[in-house]
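Quick one: the structure is below, and I'll ask about it shortly.
Read from first to last, the chains carry the letters A, B, C and D; within each, the first residue is number 1.
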Amino acid sequence: MTSVGVSTPLAGYLLVAAMLFAIGLAGALVRRNAIMVLIGIELMLNAANLNLIAFWRFGPHPELLTGMMFAIFAIAVAAAEAAVGLGLVIAIHRHTNTTELDKINRMKG
Amino acid sequence: MSPIFYLLAALTIGGGLAAVLLKYLVHAALATTVAFAGLALLYLELDAQFAGFAQILVYIGAVAILIVFAILLTRGSDLPKDGVFSRTWALGLVIAAAVFAVLGWAVLQSVRAVPQQTAVPAVTVRDIGNALVGRYVLPLEIVALLLTAATIGAVIVAMHEKERPR
Amino acid sequence: MQESAAFTPQFAASTITGILWLIPAVPIVAAGVIALLKQPRRKLAAALAIGSLFVSLLLSLIAFCHVVAGWAHGAVVREFVNFTWLRAGNSTVDLGWVLDPLAAIMLVMVSFVGLLIFIYSVGYMAHDENFTRFFCFLSLFAGAMLGVVISNSLLLLFMCWEIVGLTSYLLIGFWYQKPSAAAAAKKAFITTRVGDVFFLLGIVWWFSRTGTLLFYSHGWGSLEPLNLAILSTQHAALGLSAATAIGLLIFAGAAGKSGQLPLHVWLPDAMEGPTPVSALIHAATMVAAGVYLVARVYPLMSFGAAAHGTTVALTVITWVGASTAVFAALIAVAQNDIKRILAYSTISQLGYMMAGLGLGGVAVGMFHLITHAFFKALLFLGAGSVIHGCHDEQDIRRMGGLRADMPLTFLTYAIGMLALCGFPLFFSGFWSKDGILEAARHWDISKGPFILLIVGALLTAFYMTRQVCYVFFGYWRGHDPAHESPKVMTLPLSILAFFAIALGVIGTPAWPWFHAFLENRPAASDLHGFAEPGLVQLMLLSSLVVFLGLYLGWRLYGNKSPKPEAPDALEKSAPWLWAPLRDRLYVDELYGFTVIAFYAWWARVADWLDRRVWGGIVALVAWLFSLWAHFNRFLDVNWVDGSFDKTCEELSSGGGLLSRVEGGRVQNYLRILAAAVVALAAILLWSTRP
Amino acid sequence: MANTRLFVNLDQIFILIRDWLVGFLPTAFRPAAGVVLGAIAIVCVFPGLFAVVVILERKGVGRIQNRYGPNRVGPFGLLQPIADAVKALIKEDIVPSRADPVVHFLAPIVLLVTVFMAFAVLPVGRNMVLVDMDAGLLFFIAMGAATELSVFMAGWSSRNKYSMLGAMRGIAQMISYEVVLVLSTVSVVMISGSLSLTRIIAAQNSYSGIFPHWYIFTPWGAAGFLAFSIAGMAETNRSPFDVPEGESEIVAGYHTEYSGFKFAIFFIAEYLSMISISGLCATLFLGGWSAPLSFLTFIPSWIWFFSKVILSLFVFIWVRGTLPRLRQDQLMNFAWKFLLPYTLLNLLVTALWRFMGEGWLRWVVSTAILAAAYVLMGRLGLYRKHIGPRSYRYAE
């Protein structure tokens, strides 16, 4: 249990979440395509959810379900976010004929 | 830390990395699905059965499908001519690394204070249901409203612009 | 009572009383729904309005039966539900509804007559493009009127009263394209407003004295002896008690709505509205609301009177009512517009009702109200049928001979006319009018009202005969031949005609069921009711008067069919009488010379003040400011601008530098965001490290 | 007494066999070994059932279409499935040269795995469930949702426009009908108060007189059963909802470019998902493994379960032989404009049912609401553009 200086299982989950968050952020930052940015954001949201669930599991009052509920609501909200985001991407694509973020920098239609 | 945890962590991180690195958008989306699945399994490992299944249902069953649909509708399944990474990719990588460093540091700094606690919480789906329509009924309603609004909004945003009526 | 229980009814005596609020609510909701309909949904609108009122009628009948059943068992039925509406400091404003004989009778009458008129309107308004709007207003009116009837709180009554006034305004001005209709609507609204101001004053005064506006509330209501005793012992100005003063103020409101003498001018003009409106609002129900109001607060009016005595308030009501009766009847003699004659007749009959209330109490006045509602609605609808059949002609001189063309209309109209004249024995109008005359005969203070009312009866018979002769007898003087109206219009006429005859049965001296019901006495059928000294003589006298009026009318106008341009028969024989009557006794002109002239003068004064006095001050101030502005401009141009321009140049170049960050590139923003988060987190962690 | 014992043993015979087999192992491995045995049983039994269904379908449709069906291999053609399997195994596995090899390879595997996974929570008899999950129903639905992705993978990776079209149609259809499917199960969850399939069966496993308390015998249950069956047919791409693989339009839909054993996997997966949907349908509305009449309880529970599944599969086949295929727009309009509102209404009716308490009134009220809504929506549909009576335009 006490490998690599980690004292509780919680830290392992948190580190995985941090790594996933960083990966998602990197994806959002380095890719050109708007859809990839959205994927990156989804990954970040999921990392946050993992944190929430882990905190719920190892927190002092799991029976209160706070973290769990937070995660479930976050999943629902993330679904809404994905729908709207992808809808926007499709609309932008129809308008500018591209989904590459570098090329979408004008407010004027 | 069980081997299963390491396996699932590797699956999740691997999926995420593949998602960011793969050239084809569809491949990236499928790799994201792997990451989602890994996360769902991690939830199960954390005794959060309901959240895990909800994750599969929502992310693999809906969000991933949405993403691939969006990819196909924006002709994203072909490779772009001038590379998939933006010109300033190095800067992005540095910032992501910095974020990870700060997060990791924070985790390692603070988990010492957390007591070790491994008793499996006795939480059933019924409890979750009761909590959803009990303590959390207001957020539930708000999320329902949000989902409705988002659905309508997404449809309207993505709909073909009609000819202006004369 | 706790805050949480604010809207729970305090007391519900029976199921029907508990759901009594549905009676006005259903038509109001229907009105709301109709308001949302598109114009072409005519059938749906009509069906909604008629259906909702039908529901109200059913509920009203249930309520009526409930009250009658309770009364038959010897109980005094007065059930009410109250709830708290507002709370300010220690005082609460309660609202509520009440079910008692008075309300029950009125409910049935309003919803029944209203339903018939709704049905009639389907035919009458069939070609109007604003059909749905019309039914929306009608429904709203019906709901509000029913609200007036059931309210147990003066405030709730006032609210509904005002909605009723509003719908009256809307419906008079329904054809707002016509300038005359728009003007008539305004006139009606403003004139009734005069009365309503007094009414509101009365309400406020009453509330300040008793602390409640509920009529009945287990001994604490404002119409119950405890509070009335308080009121009658307090003194207002001119030696009147507070009770009397409040009663007179409320009567002023009632006079405005019911077109009593000084405030009657709006009612004839209100005939600009569609005929069903005239029938429903300005004959049968709304104008009767004033009478109903007086009947409702009758305990206030009569408090402190001896057994057959009277009070100051009742005396005033009596005199106003009796004078109105004669005054309006006089004017009606010389009018040529079919609806206008009926309008003046309505004013006159309202005067009878008021006089009846003042002389004989609630039952006498209310009985005339109910019978009048039926036969006057009948007359108006008949007039509407005539107008419809004569292609929107309203001048009786251009009609004639319709007896043959419109037999059913003629028959029903004749029944209505005879009922209005008080034709002996067979018509309801006779019995109700006779009740009033009987009460006037017994009035101890003066025989004036009795004489006035007898004269009114004579005039009534006369002008109605004149009208009928013009319209139905002689030969046709219009352009296109007239035609009978559709069934949907004649059916309500027939039903109303039936009631115009039959209703008399319940109020004869031999079987005063109606009076007993309203006064909570057991009803008994007893032919000895006729044996009261003087009663038969009175009946003979009034019959004689009616026959005289009929004879005079027939003598002057019967079967003559004069040319439309020819002078009236009466004009030929008595021009000195004719001219003032034709010009409505110059009341409008009187108001023009006094009230309106005063306002015009006052407006001119205000205008002058605005232009000269205030305008001068404003100009002076403006001049001063402009002086100051010139000075500032000098400073600006020379000192401020120079330095400011320099600053702006610097800012603009700096902004150009910064704008590269805001390049519209989402990822740039994200990068900066993430970097900032890292920096902040680092600072946080660094500062809180152990 | 001995008689009863015999029936109990017969009922639990598979459990007894498993326990006997597991008994040979050390205690520590016993639970895991039990699960493995159960999984093996599932992997063996249901493909066997698949073979039965295939022969049933081919002969059944043959009879419906007035022909013989397979009758050469074995007695009455009963060995036809085996011949088919052998044929599929020895055929050449062709992968298009421009296809995406990895995804093309993974698609059938993902499909088969997710389909098999769903069986894990299905109780096939008393005490006979591989994993008795607290959220079993959710798991089942989640697995059903995951199959959509494999459809997409198959369609996209083939680089064939028919495959892509088939996949898009399939996903659109499956997502649409999944909503209905889930919502129609929610009413069952509302009444039984549990997502666990064993508990749902337990809630139905009681009798009034001789009649069982199955949910199909309630107004909302009947309506839910109807919606569930229709959505289940669409979810498994069965006729009349087989637009994604409509032979006459787009060759074979998303598995156009599959051959040999991979094609066989798609085939198996389709029938397995049919079986699993039938199983879920039986579980939710037909009392699972419980007997249909109280005096029949002595017959082993797993026999009841499988008879219900086969009956339901027969209905699938029957419908396929009877109804023509819908057009894509008709199919979507039907899902979103008729089924979905109706299912939502059914939810409301279920809630009403739940709160009206015992008595005949709730029967009358819910039946009246559902019937009135059905007639009304159907009637209104006649006047609407999109869900009116079916009309066909022919190419000119």
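Assume contacts are C-beta pairs under 8 Å (C-beta built on N, C-alpha and C of every residue); 3 or more make two chains touch, one makes a residue touch a chain.
The structure presented is a predicted model; accordingly, all values stated were derived computationally and were not measured.
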Most centrally placed chain, judged by C-alpha centres: C
Chain pair, A-C or B-C, that carries the greater number of C-beta contacts: B-C
Geometric centre distance via CA averages, subunit C-subunit B, whole Å: 67
Centre distance in Å when subunit B and subunit D are each reduced to the mean of their C-alpha atoms: 29
Touching two or more other chains - residue numbers and ranges from subunit C: 667, 671, 674
Multi-partner residues of subunit A (at least 2 other chains): 25, 29, 101-102
For subunit B, residues that touch 2 or more chains besides their own: 50, 54, 62, 69, 86, 91-92, 95-96, 99, 103
Contact pairs between chains, per stated definition: A-B, A-C, B-C, B-D
Contacting residues of subunit C [partner subunit B, same complex]: 667, 671, 674-675, 677-678, 681-682, 685, 689
Touch list for subunit B against partner subunit D, complex: 24, 26-27, 30, 33, 49-50, 53-54, 56-57, 60-62, 64-65, 68-69, 72, 77, 124-126
Contact set on subunit C toward subunit A in their complex: 663-667, 670-671, 674
Subunit D to subunit B touching residues, read off their complex: 100, 103, 133-135, 138-139, 141-146, 148-149, 152-153, 156, 164, 168, 171, 175, 178, 193-196
Contact set on subunit B toward subunit C in their complex: 86, 88, 91-92, 95-96, 98-99, 101-103, 105-106, 109
